[in-house]
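Some structures are shown below for you to check.
Shared chain: chain A. Partners: chain B in the first complex, chain C in the second.
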Partner chain A sequence: MSASYERGINAFMEVIDAPVASFFSSCVHCGLCAESCLFYTETGDPQYAPIHKLEPLRRTWQQEYTLLGRLAKLAGLAKPVTDEELAAWSPLVYDSCSMCGRCSMVCPVGNDITMMIRKMREGMAAAGHAPEGLVTATARSITSGSPAGVKWVTVQAQIKRMQAQFGIEIPVNKEGADYLVLMSSWEILNYPEYLGAVGRIFAKAGATWTLADDAYEATNSGIQIGASDLARQLVGRIVAAAERLKVKCVISPECGHAYTAIRWEGPNLMGRAFGFEVKHILEVLDDLRRAGRLKLKGSIDKPLTYHDPCQISRRGGVHEQPRTLLNQIAPQFREMNDGGTMNWCCGGGGGVSANERAEALRTIAFKRKKAQIEELGVDTVVTACANCRVVIEEALEHYHMDIEMLGLTELVAEHLDEEGI
Partner chain B sequence: MSALELLTWARGSGLALALGLCLFGIILRLFEILSLGRKTDLAPARTVTPGSGWRTLLSRSLPPPGMLSRAPLTYVGGYVFHIGIAIAVFFFVPHIELIRGLLGFGWRGLPNLFVDIASIAAILAMLAVLAGRLTDPVKRFLSGKGDWLAWGLTFLPLATGYAAFHHLAENYTLLLALHILSVELLLVVLPFSKLFHVVGLFLARWYNGEIAGRKGVAS
Partner chain C sequence: MESQSKNAVGAALEAAGVSRREFLGFCATLAAAYSLPGTAVDAIAAALEKAPRASVIWLSFQECTGCTESLTRSHSPTVEGLILEQVSLDYHHTLQAASGEAAEHAREEAMRAGSYLLVVDGSVPLGNPGFSTIAGVSNVDMLMETAKDAAAVIAVGTCAAYGGLPAALPNPTGAVSVSHLIKDKPVINVPGCPPIPVVITGVLAHFLTFGTLPELDHLGRPKVFYGESIHDRCYRRPFYDQGKFAETFDDEGARKGWCLYKLGCKGPVTYNACATTKWNDGVSFPIQSGHGCLGCSEPGFWDQGPFYKALSMPTASMQKAVGAAVGAGVAIGAAMAIRNKAAMTAAKAAHEPVRVEDLERKS
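This part shows the complex of A and B:
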């Protein structure tokens, strides 16, 4: 079905539920959400106040789901939400929100603004007001299985490379394995060492794992653009592969939104609970550590910090595991100010990095992360999201900052105790 | 209608009407919200934390790390005027006597001097947050008629109550009547305005805490 204004408004009406109604009923325009949003703090532009980004959705709620609002609409006193207005709101909803969730942690009345942005995007996409970059990425995901158009042959080439580089076996379509490993496009294209790291760690830990040739990509553009039907298709491929291969656990890669897509939205998109677990790679590593199957040795002799990917930490609950792992191998690990669940976003999550229209704004928003890194005086930043890593690397280049970016899984693999276990 | 007749109506039929409309409005608004329902979350919770929603009900009253310094006026002004109003409403002896008359029970009040200080603090804090709303770029940008109305409806009972207590006008009876009428206006408008946050925030905070708690995040 093609996008239209009517479909957009209908989608707005469908996503409004009791929590959304309670949130809109409670906002007092205190402005604190703006103070928590890097798109406001780094620009000073009030239009980036998170609650303002929801105005068309709020008016739809008011006019459709409150008695006074309906009466005002009947009397012609309510200002209708127009298609032009939705078009004008597109940059606010997609370019200046990475769905990082910081505003949802700060709102004094308790509004989960990020959850409402996610819902609002359903209507924006249905109305045809999603940005071109995300529309293209989503279309590619559906046709080729990957938003970046990565095909299985590319993965195969990386498998061969990693097998040769590390002398490990990378199983494919292995039935009955403990883990089904997924990757993000960035990991396949930019950081295949992630795959090598997983292979080395699992070989050492004695864990069985596999890739699936029909479900290797974890990135879910459907979530970012706000198209649940497409998000369902993408998650469905992973679920089908996991069930076909009878794995016990699906591992979300170092990618924030992929984790949200499969772990938290996945069962809801599919309309059923899964018969397998879904974990982020850091959760799996920490599980193995606690079980005594992952022993680390050596240490990195330089100060470093950890950038919490929003969807993994604040919106995903994986904030202790990376610290436990880092504390074992990095004695000079330093916490950023506002680290953990209150960390500041890199500025490129939620599809912002795939949205060319948002590039200039994203670069400005990065100043917050830049300040966080600079005040620590470290030369190395570790993270657990390939998208954060790419966004930060690009921004560091832009700001001429000589900082090294590392993936935590790779770092763990480099510190495996070869004599342990 | 004389000032005395107005006061008598405000204390009797007016108050009953206002309380009835307020109660009806709150029930209607709660029905509007809760009848929308929400889907069961099929994603298994990281840990079963039945208390997370309730915890957030309390924890959201405190500024998250780093926020107080970013918006001191919003937090301090907000605390002072909310607490000041609560003291004036619930610990001024004549108010407690009114509640005792309506509900059949009451509690000990605070000395008038203490209530007076709390009221002055609340009035000053409300003026400060109004100045903040007028000058802060974000608040000014976000503010609409509803926000100004909510401020006015909250300030009126406070100002008239203070004026009546200190006999700042010759016609005390009229001043008292206006004070009670301003409270009644606030009660009637509360469910259908920004003032509804006094009820809605309990739902909003609970939902927020429950959603985050399922993921293993203390929000």
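This part shows the complex of A and C:
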């Protein structure tokens, strides 16, 4: 089998369910979604209006699932969706959408445009119109366990480093632990301090945790490219490990879409509820704080801000926790304009950062984040998503901005009250 | 003024005791109504003063004389009333002194002189010529004969403009409007039951000043007077916008002067100048006196449903139509649902699991 136009259209037919049909039929063409999309606001190019990115899917719905559309098609009056059109839409669906969900928030009739983009990618991937970068990343995820090709030996090396650096124990494959900790490729490669931070915090809080050697990677390229069959395989690895190790809770790392993949899409992909909880690391930290098991002291004596990762804050609902934590240690915390659930995306989510074709556009789209940071006059930006962090760091380099990026979990670990508890 | 001929409008007005100030005030009102600049006031005044008294033939067919009453009796003499009086009304059933053959002779004389304006009130019965005759001549014959050489035809009142009451269902006389019969020259409709006097004089003044007729809308009405709805110009409009409605004619809302929409006011779909010019020399208009607009200046107003039902209410029993629509909708919806379900199931059955190697096309 190979990808084909027919498989793509068939996938469109599969994903157009009642919500999609009602969304398409209730769109009032107001154009508000355009103003909410940073790929439109930063380029002014109307082809980046979110609802327009769904045009082939909309026409498929109209021609296949509506009475008038069917009649028009039978009478030869409807313009069929062509393979060339799908190819032309590939940059719109993959390069100019980070599935950040801002358009879904502003739609006055409540259309979840982001969810429809996610669904449309199923057809685009099946038709072979996914960008090369994402195809490669997905292939590596399936074959080697991680989109960046990170193997367990690399993780082992980082475990050793962190154990030596912080004098902590990092358990592996420990049955019956409270938490199964996952990581994203970026954390394993660029920010292994995350692992050290988690180890120190849990040691202090007296929580038991473990890594799994067959499920260390939290990211899910299957979801980004839009291949549920592959996404299911990737989530299945984590579910299998969590059930094998009988953990109470799986912790999604500082990675936005990983959280969406495991917490929201996971049970739907698997077709059943999990026997364990799934939480983002910030939720876990705030839970521990509330239970009195996490005490912080000291403060950061400089102005800083928090960049809300879309999938964690807007799509995931974790926006109070980071502020509660930051307010304890950062007296000069400054809220970004549009901060919280309406924050602007870094421009690299939803697979855009893995897609080389989108690089130039992503750099233009970053102007929005650049302006947000500049008007605050801070030199430090804290976030809770390794992908946001990498994307922002690269863009800061490009625009010659001298801004320091920090992960919130590491920041918390550095301010543990050693005498407390 | 001394230099003008005795037969001119200006002299006639002067003779009737209309002051220069009153006359210029009237000209200014007209200029404003037609959206003309201030300098036009003098031009209108000059033209009206010098204009020869236009010859007017007034034909009354199936009507109630209410239009004539409205124009001549509704208020003490005003400039507009006098303008109307001072046109050379050569033939008018109700107003002329002559009767019998002398009256018809006057009409023929006026027609022979040419360049006259024809004013018609009342509708024309086509069902049987005997339904309405004047001096043994059927209405339709008299209209066609008189209109042949008229400079323009003004259909005064809703009956002449759209058929009005005589044409209301089941229209026993086969009544039609003037514009239904006259196609070869301009017909200005001045609808209303009755129409506002200043609209008639305004049209006449326009004709006398510029030698042309004012701009008309798609229903042949002068746009200056029929361009906006009663609703848009109603002083109770703010209550509508606030959702404050009188629910009955003697409730708190009615006493407070709230919007009469729910009591059947047709203001939103009626285009006329009542809310601006008002009636009885600017004293009041129906809504101001506590009753909703009937929509009397709109085509077919008599058949537009009950006067006291809100516009949003259905005018006839909808049960059958709704029942049929629901039935058809359910049937089509169910058929589409079954068909769509089958299409979706087929698509799911045709799903080939996507493997990594399926993400690219193999040539």
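Just so it is clear, the second predicted complex is superposed on the first by the 420 of 421 C-alpha atoms of A that agree within 3 Å, B and C clash if a C-alpha of one lies under 4 Å from a C-alpha of the other, contacts with A are read in each partner's own complex, and residues count from 1 in each chain.
FYI, a residue touches a chain if its C-beta (ideal position, glycine included) is under 8 Å from a C-beta of that chain, and two chains touch if they have at least 3 such contacts.
Every value quoted in this text rests on a predicted model; they were computed, and no experiment measured them.
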{"item": "Combined model on chain A: chain C and chain B, fit or clash", "value": "clash"}
{"item": "Chain B versus chain C as contact partner of A:Pro253, first or second or both or neither", "value": "neither"}
{"item": "Which partner, chain B or chain C, touches more chain A residues", "value": "B"}
{"item": "Which superposed partner A:Leu67 touches (first chain B, second chain C, both, neither)", "value": "both"}
{"item": "First (chain B), second (chain C), both or neither touched by A:Ala227", "value": "second"}
{"item": "Touching partner for A:Ala125 - first (chain B), second (chain C), both, neither", "value": "second"}
{"item": "Touching partner for A:Met115 - first (chain B), second (chain C), both, neither", "value": "first"}
{"item": "Chain B versus chain C as contact partner of A:Pro50, first or second or both or neither", "value": "neither"}
{"item": "First, second, both or neither for A:Ala139, with chain B first and chain C second", "value": "second"}
{"item": "Chain B versus chain C as contact partner of A:Glu265, first or second or both or neither", "value": "first"}
{"item": "Which superposed partner A:Pro322 touches (first chain B, second chain C, both, neither)", "value": "neither"}
{"item": "Overlap of chain C and chain B interfaces on chain A (superposed complexes)", "value": "16-17, 65-67"}
{"item": "Chain A contact footprint on chain C (complex, rising order)", "value": "332, 336, 340, 343-344, 346-348, 350-362"}
{"item": "Touching residues on chain A, where the partner in the complex is chain C", "value": "1-4, 7, 10-11, 13-14, 16-17, 64-67, 125-126, 128, 130, 135, 138-139, 142-143, 225, 227-230"}
{"item": "Chain B-facing residues of chain A, complex", "value": "16-23, 25-32, 34-36, 40, 44, 46-47, 49, 51-52, 65-68, 104-112, 115, 263-268, 270-273, 314-319, 337-338, 341-342"}
{"item": "Of chain B, residues touching chain A in the complex", "value": "28-29, 32-39, 41-44, 46, 56, 60-61, 64-67, 70-71, 74, 78, 136-144, 147, 150, 192, 194, 196-197, 200-201, 203-209, 211-212, 215-219"}
